[in-house]
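What follows are several structures.
Both of the next two complexes hold chain A, though its partner changes from chain B to chain C.
Right after this comes the complex of A and B.
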């Protein structure tokens, strides 16, 4: 099959059995690859009601048809599973070099099943696949293990690994790769930990069959040239996502003090320029990327090397916990990377804990004497360690803000900042209806990756709650995650504004199948609706209420920043959902109608 | 004099902060500073969003905010 590795690798950790199956052509046709494969296998293979940490849950790791080819940023890998954090659908992607390597070894997906009786890692060297003992790696940090495995196996092996947080089943543990990139959200690393799978090491040397190599060479080169010619190129490569920090503060989108404020009083210590001048030592890119946005840094203060901090880490640890020195954020970032924790969720969790302490809901007795205060680096570092090891208060906080607030009660649910159990990422949305709707309806919980609509709010008016906003969110929810089906980075389009029209001809040159943008968007809509049906199937009573935002956004006005005093109204939230469901062809409760499912060719899958 | 603040990457063109005389539109201001108009996503005057055709007043505080795609 042109454009594909051709095989699915199935690894049963309980029995140790390893099988290779041909990649089903009908699945490639309907779901493309990446997160499309992920939800297809999750929906059809993992039984209803499976315990996310039990042997029935599977971890599905997939590349896409663009992965590993001559396409800008063709290095994204998707991890799909049933989320231990939310109980619903989880899919997280990572850049780096893993996805290309997996395809060169001849595989489109790895489906990991069961639970290993002892810690193992999965070794893949082209056709040679085995489970190897990882007892000596268990307990070690993610960066340490990656370094160690490369030493043992060779630099050419690409490694994905978990840290102690994954082993200790912290509900938002991540999977790390390439010394500082993560499949971060939803607890994909927790599932690896539950399966006692410490790492995956891949090396491949095969060719990917390409339908029309000459056309790909021409079209791919054209796309690379378009990236380099982009007006945004220089700034994007200089700052990467850290360029967002100043912007976000200036427009009041920076989460501060557990999303109470929309800007820091002084953010100069966190700006992209400060970071570049003080700690960045080099740029770092993923496979085949013309615009390396990764910033590799060294902190003198802490004597550590770290990739980042990315905007999200700066927002949730710098802004939300009020650490205003980039080196403190960098060290917290390093701790999270080594321990294997999602910086977005943990930043939220810590801000929540500090607010609980301030309000007397958590006391010194609970924290072992530690006073939880805003702006204290030591508090942040200690909490991260405690959470990763589930020590003391860390045991409760390791469950995420939804569970922790339910357990603590005393009104803390009102300021537990999550949707569907996933903590909100780095955009304060009291006065940004399209962004808030993006969070409310995102298919993994409150994450910005599917739709980033805050610029749209700014452009058309922040107070407006109009149907075009719902339309915009839906459009973005189809375009952006389409890249996760294709197995490529979306940022060349998002940040460098290269023409989306470049992609269908490239995909055709690779696969030999002619598809228009509309065809591709239809596939993305199919995937979206199937992820929705997964929630419907797995979560009892799932519906409209699950799309509600955290109460803080409609009950408490912003305390500081350009949007001071603003908040959403409850009736506008209902209006947003009504408009959104209608445009999606879903019923009033947010469930896709049978007609919609039939239209998308899902009727036979969702029975 | 009106105050102009260019945020983030735009500060390369205008420095962090400068003063200009009123009476020009934002579009004209951008041209005189050599800032490519498409790079400017949002213009805030005294904290409120305005069109690029807005004519700057003597007492205004103008903030030029770059267009961003976001992560």
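Right after this comes the complex of A and C.
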């Protein structure tokens, strides 16, 4: 099958059985790959009601048809599972070189099943696949383990690993790869930890079958040239996502003090330029990327190498916990990377804990004497360690902000900043209806990846709650995740504005199948609706109220920044959902109608 | 001085697009493991990439026992697969370690200055002069 590795690798950790199956052509046709494969296998193979940390849950790791080919940014790997953080659908993607390497070894997906009786790692060297003992790696940090496995197996192996947080079942543990890239959100690393799978090491030497190699060379080269010719190229490559920080503060989108404010009083110490001048040493790209956003840094203050900090880390640790020195954020980032913890969720959770302390809901008795205060690097570093190791207050905070607030009570639910149990990422949305709707309806919980609509709010008017905002969110929710089906990065389109029309001909050259952009968007809509139906199946009573935002966004006005005094109204939130559901062809409770499912060819899967 | 493929390693971000373009241009396959230049990542420390390219020094031609290393119209040394006896002397002696092998091919291969890699490199690491 052109464009595909051709095989699905199935690994049962309980029995140790390893099997290879042909990649099903009908699944490739209907779901493309990447997160499309993820939800297909999750929905059809993991039984209803499975415990996310039990043997019935599966971790589905998938590349896409563009992965590993001559396409700008073709280095995205999807990790899908039932989320231990939210109890619903989780899909997290990682860049780097893992997805390309898996295809060179001849595989499109790895489906990890069961639970191993002892710590193991999965070794893949082309056709040779085995589970190897990882007892000596258990307990070690992700950067340490990646370094060690490369030393043992060779630099050419690509490694995905968890740190202690995954082993300790911290509900938002990540999977780390390429010394600083993470499949971050939803607890995909927690599932790996529950399965006692410490790492995956992949090396491949095979060709990816290509329908028309000459056309791929020509079209791929044109796309690379289009990226380089983009007006945004130079600034994007200089700063990467850290270039967003100043803008975010200027427009009041920077989360500060647990999303109470939309800007820091002084953010100069966190700006992209400060970061570039003080700590960045190398631009580090994912596979096939002409415009590397990865900034590899060295902090003299802490004597550590770290990739980043990315904008999101700076927003949730720098802004939300008020650490205003980029080197403090870099060290917190390094701690999270080594311990294997999602910087977004942990930053959000720590800000919640600090606010609880401020309000007397958490006291020094709970924290072992530690005073939780804004702007204290030591507080942040200590909390990260405690959470990763589930020590003291860290044990509660490791469950995520939703659970922690329910347990603590005393009104803390009002400022637990999450949707569906996933902590909100780096965009303060009191005065950004399209962005807020993006968070409310995102299929993994409150993540910006599926729809980054705040620029649309700024473009057409931040106070407007109009049907075009729902339309825009739906459009983005189809375009951006489509890249996660294709196994490629969306940022060449988002940040360099390259023409989306470049992709269908490249995909045709690779697969030999002629599809228009509209055909591809239909696949993305199919995937979106199936992820929604997964929530419906797994969460009792799932519906409209699961799409509600944190109360802070409609009860407490912004305290500082350009949007000071702003908040959403409850009626506007209802209006946004009404418009969104209607345009999606869902009922008023937010459930896809049978007609919509039939239209998308899902009737036979969703019975 | 001979024309050759230059690389400024300090600009490399390790994306390997050059390697894929090379394999497509020279072998008609999508496989960076069949490329004629190399990127060596050095992480977590010192956190840099080293790019290895052919400097057209001619050692390969000097050590080839059967005269299978020839010079093309661009002035680049190349291995004629019809004459190569796969003794691997050039692979061993290459001072830059940029003569490559792959299990799919009986004989080694090296850069012939086609320039496909230069065209796709985003940060401008590579140039021929």
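In this text, the second predicted complex is superposed on the first by the 607 of 607 C-alpha atoms of A that agree within 3 Å, B and C clash if a C-alpha of one lies under 4 Å from a C-alpha of the other, contacts with A are read in each partner's own complex, and residues count from 1 in each chain.
Everything that follows uses one rule, which is that contacts are C-beta pairs under 8 Å (C-beta built on N, C-alpha and C of every residue); 3 or more make two chains touch, one makes a residue touch a chain.
Everything numeric here is computed off the predicted structure, so don't read it as measured data.
Trainee: Do chain B and chain C fit side by side on chain A in the superposed arrangement, or is it a clash?
Mentor: These partners fit in the superposed model.
Trainee: Could you say whether A:237 touches chain B, chain C, both of them, or neither, answering first, second, both or neither?
Mentor: After superposing on A, A:237 lies in contact with chain C but is clear of chain B.
Trainee: Quick one: is A:68 in contact with chain B, with chain C, with both, or with neither? Answer first, second, both or neither.
Mentor: Second partner only, chain C.
Trainee: Using the touch definition from the top, say if A:155 reaches chain B (first), chain C (second), both or neither.
Mentor: second
Trainee: Which holds for A:286: it touches chain B only (first), chain C only (second), both, or neither?
Mentor: Once the two structures are laid over each other on A, A:286 reaches chain C alone.
Trainee: Which angle, as a multiple of 10 degrees, do chain B and chain C span at the CA centre of chain A?
Mentor: 90
Trainee: Applying the document's definition of touching, compare chain B and chain C: which contacts more of chain A?
Mentor: C
Trainee: According to the stated criteria, A:458 is in contact with first (chain B), second (chain C), both, or neither; which is it?
Mentor: After superposing on A, A:458 lies in contact with chain B but is clear of chain C.
Trainee: Just to confirm the geometry: in the superposition, how small does the C-alpha gap between chain B and chain C get, in angstrom?
Mentor: 19
Trainee: Could you pull out which residues of chain A sit against chain B in one structure and against chain C in the other?
Mentor: none
Trainee: Quick one: in the complex, what on chain A touches chain B?
Mentor: 231-232, 235, 239, 241, 243-244, 246-247, 250-251, 272, 310-312, 448-449, 452, 454-455, 458-459, 461-462, 491, 493-495, 497, 562
Trainee: Show me the residue ranges of chain B that touch chain A in the complex, using the header's touch definition.
Mentor: Going through chain B, the ones touching chain A are 7-9, 36, 38-39, 41-42, 44, 47, 49, 63, 65-71.
Trainee: Would you mind writing out the residues of chain C in touch with chain A in their complex?
Mentor: 11, 13-17, 20-21, 24-25, 28-34, 40-41, 43-45, 47-49, 102-104, 116, 119-123
Trainee: Taking the touch rule as given, give the residues of chain A at its contact with chain C in the complex, in rising order.
Mentor: 68-70, 72, 75, 97, 100, 104, 143, 146-147, 155, 178-179, 204-208, 210, 213-214, 216-217, 220-221, 224-225, 227-228, 233, 237, 281-292, 294, 296, 298, 305
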